[in-house]
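The following pair of complexes shares a single chain, chain A, combined with chain B in the former and chain C in the latter.
For the complex of A and B:
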């Protein structure tokens, strides 16, 4: 028996590694090990007020901070019977567009691209790809700026609250965001062209199942009350447990998900499979040009999917900013009950994120959070195993196998701190 | 004469990676930052990491497994200066909010049942100074770009960085924000370390205490203000331990005792 290890998986958020166990020539198992320590956040928020909970839970993850906040807001508002004013809804949509640009630009250019071009980091790419690194930093900074204008801070902004916002963004700031979005569209187009020009190795390819929210009004988007499955089914987000079936495994402090005993994938690629036809603008043109059957089998296409999605987000920011600017600031909507339950579902950049809450007499009784990376872990391991089997049978060297395994894991844009979140229910 | 660039390592333990992300969020300074220092290890940002002697180790996150504890001690041994970045490394963070009150095993069992996680032994999260000597703290949830960059510039120049010692209230007054406490809402500003620019009160929202406890010497008078507004110690602790954990509890105990003596 021999082991092939990637001890510290670099250029991902959080602490993880990969272990391949070989029995002779046969690959016995490939595991994505999560070393990140447990935090037990869902247990700690028990007994808190919804407002206090909302301060704590975005701290599960810095990159998806607004997705966590928005998903929790959706779940808590349902539970408390709060109907948010239209301006609040639109401002939330705008903040999600900003987070998408920020996170997708960070992942595509700075975390994933160095693998494809053969560099240890984006900084090391500076000599040869200075324009692309600067492009990435411009897009990221802009995404962060949109997040700051809407949420109050670039990471863990407290401005989005139940029923509305502490303070709505100023018209001048919205105008600046709008002008800058137009300016940056060519950078995002370049991102799509760059990721479309890369070779995506076939080692990991296999049939896949995808899930994402169903954005309302038949449009592309990052929040919804129903979940779309690539087999054509649609399920209410309230039934999230049927979709995600969490279980404990011994090599990780993150739980795992299966749907109908099979693995599935969430994320930008899943959104493209389920809602790609709803894209508009240049994003739609480029999607039509580059989308093909291999997207249904190869997780590496998540990188290209993220680039197209980033362009769509950027193209939609001006409209969203205009709509927010055109409205008067409404009063914050108040709870209509103090006991109830509700599930929020949003599309974090790396996939569907559920926040389920049960509230009793104004205090949190149950909090259940299912993160995208926890849902993806089984599929990540499945595709890594295929990659290892196929590459080793072709006699590839260990270092090359290692790199390709990392590329598969990284393509999922795993958020390991997020994944280390844990559910309150025991399902052993 | 050229000064040798300091050898730097950036490490993350249990937390949200937000402080490392804030370093990557210094888009305009990132290239210079990598140029002015020799970044030997930064796993979140690059693959070519070399562990060895360090001038400065920036450490994010709290410690919650045996494996992490071993690594933390090993980093301490080879780093001349250890700087805790972020509230988790400095005070424990949200995962350590009930530190010292018991009940961790019960919470752990509710999450994992009786399954044996073999990867490492876990325990209740604690700030890094529970295990090693920390030379400097740059708290924040997440750290503030400006505060971090100012500290790094001083370090590169071989000087000691200066961090605010007063509470959020001072920054709030600079901004001329209306006082949240006077509007009848609880605000953590009086007992929370400054550095964020009083961001939440600037949005009309109460300070949630995410920088952790202030080290202001005048803290008794700030505490008195909260008590005058009708907040009792239990309530104050419940609100502020979300980030400051056991250190807020200690601060409150100290002020109470001091008040009793006076």
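For the complex of A and C:
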């Protein structure tokens, strides 16, 4: 028996590693081991008021901070019977577009691309791809700016509140982000063209199941009350437990999810599979040009999906900014009850994020958060195992196998910090 | 937070002198890194906040968007140096301070959280700018923990040294 290890999985958020256990030439198991400690967030917020909860929950992650805040707001507003005004909903959509650009630009250009181009890191890419590194930084800076304009700060902004916004973005700031979005579209198109030109290894390919929110009005988007499954079913987000079926494994501080005893994928690729036909603009043209059946089997296509999605987000920011600017600031909507339950579902850059709350007499009694990475972990392991089996049967060297395993894991853009927000660990 | 090899810390007078040698006559920028929600990990952000009031155009932190700031500085036509201030596990006593040459920083710390310091330093170098990391040894980085008194004193010492340099170079 021998082990093939990737001790520290680089270019993902948080502390994780990969272990492949081999029995002779047979792959016994492939595990993505999460070393990052649990944060016990859900227990921490029990007994808090919903407003206090919103100050704690986004701290789960500094990169998906607005997704966490938005998902929590959606869950809490449902629980408290709050209907947010239209301007609040549009401003929330705008902030999610910014977060998508911020996150996808970093992941595509700087975290995923080096593997495909044969560089150990983005730093090594600088000599030959300095323009692309700068593109990534420009796009990330812009995404951060949209997040700051809408939420009040780049990280852990506090403007989005229950029932609306503490402060809505100023018209001048909205005009600026609108103009800048037009300028940056070519950078996003470059990302799509670059990722469409890459060769995607076939080792990890297998039939996949995809889940994402069903954005309202048959549009593409990052929030919804129902979940679309690529088998054609649609389920209310309130039934999230039937979709995720969380469980604990011994090698990881993060929980795992299975749907009907099978693994599934959330993230940009899932959004493209489920809602790609709803894209518009140049993003739609490029999606039609590059989408094919391999997207349904190969997790590496998540990188190209993220690039197309980033372009769509940039193309939509001007219209979203115009709509927000055209409205007067409404009053914040108030709760209509103090006891109730509700589930928020949004699409964080790396997949569907659920926040479920049960509130009794104005205080949080139960909080349950299911992160995209926790949902993807079983799927990551499945595709890594296939990769290891196929590569080792072809006699590939350990270093090459390691690289391809890392590529599969990184393609899901995992956020280990998010995934370790809470777990009860039982060692056998 | 960075991880570094074993090395002794710098005394405060050595720190001031070392920073001065790196900066020369160039404009001094400070970029405070870390997470204030994780106890001592927020040391760099606190240094930058301390300096922000006096030097709003030269002191930045995670809350200002580090990558965009570095990109802007790298493209400016001026003689300048960027000091990244961050909690760094140098296996020293808590609160120890050490100026670290950018080449000693591991490249593997790049993550979805933000772009690696090593990448930002390389980008600055391509734009003719100098950079270094001022590491502060943390004692604890637990989520929602309090900052250790010794690390707090180190934050003050680093801010004093940088303030003195910025007052002479940036005014």
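Following the convention adopted for this analysis, the second predicted complex is superposed on the first by the 422 of 428 C-alpha atoms of A that agree within 3 Å, B and C clash if a C-alpha of one lies under 4 Å from a C-alpha of the other, contacts with A are read in each partner's own complex, and residues count from 1 in each chain.
One rule holds for everything that comes next: contacts are C-beta pairs under 8 Å (C-beta built on N, C-alpha and C of every residue); 3 or more make two chains touch, one makes a residue touch a chain.
Note that the structure is predicted; figures quoted are calculated from it, not measured.
After superposition on chain A, the partners chain B and chain C collide with one another. When the two structures are aligned on the shared chain, A:166 is found in touch with chain B, with no touch to chain C. Applying the stated contact rule after C-alpha superposition, one finds that A:108 touches neither chain B nor chain C. By the touch criterion defined above, A:42 lies against chain B but remains apart from chain C after alignment on the C-alpha atoms of chain A.
By the document's definition of touching, both partners, chain B and chain C, reach A:144. Looking at the superposition, the partner that touches the larger set of chain A residues, chain B or chain C, turns out to be B. Once the two complexes are overlaid on the shared chain, A:152 sits against chain B while remaining clear of chain C.
In the superposed model, A:413 makes contact with chain C only, not with chain B. Within the three-chain overlay, chain B meets chain C in a clash at only one of the listed stretches 113-121, 149-157 or 185-193, and that stretch is 149-157. For the contact definition in use here, the residues of chain A common to its chain B contact set and its chain C contact set are 8, 10-14, 39, 44, 59, 62-63, 106, 110, 120-123, 126, 137-138, 140-141, 144, 153-155, 417. Taken in their complex, chain B has these residues touching chain A: 12-19, 21-22, 24-25, 27-28, 30-31, 34, 43-49, 62-65, 67-68, 93-95, 97-98, 104, 107-108, 110-120, 122, 125, 141-142, 145, 196, 199-200, 202-205, 208, 210, 239, 242. Within the complex formed with chain A, the residues of chain C that make contact are 35, 37, 62-65, 67-68, 70-71, 107-108, 110-116, 118-119, 122-123, 126, 143-144.
Chain A contributes residues 8, 10-15, 33-44, 52, 55-56, 59-63, 65, 106, 110, 114, 120-124, 126, 137-138, 140-141, 144, 152-159, 161, 165-167, 248, 250-253, 417, 420, 422-424, 426-428 to its touches with chain B in the complex. Chain contact summary for the complex, chain A toward chain C: residues 8, 10-14, 39, 44, 59, 62-63, 103, 106-107, 110-111, 120-123, 126, 130, 133-134, 136-138, 140-142, 144-145, 148, 153-155, 413, 415, 417.
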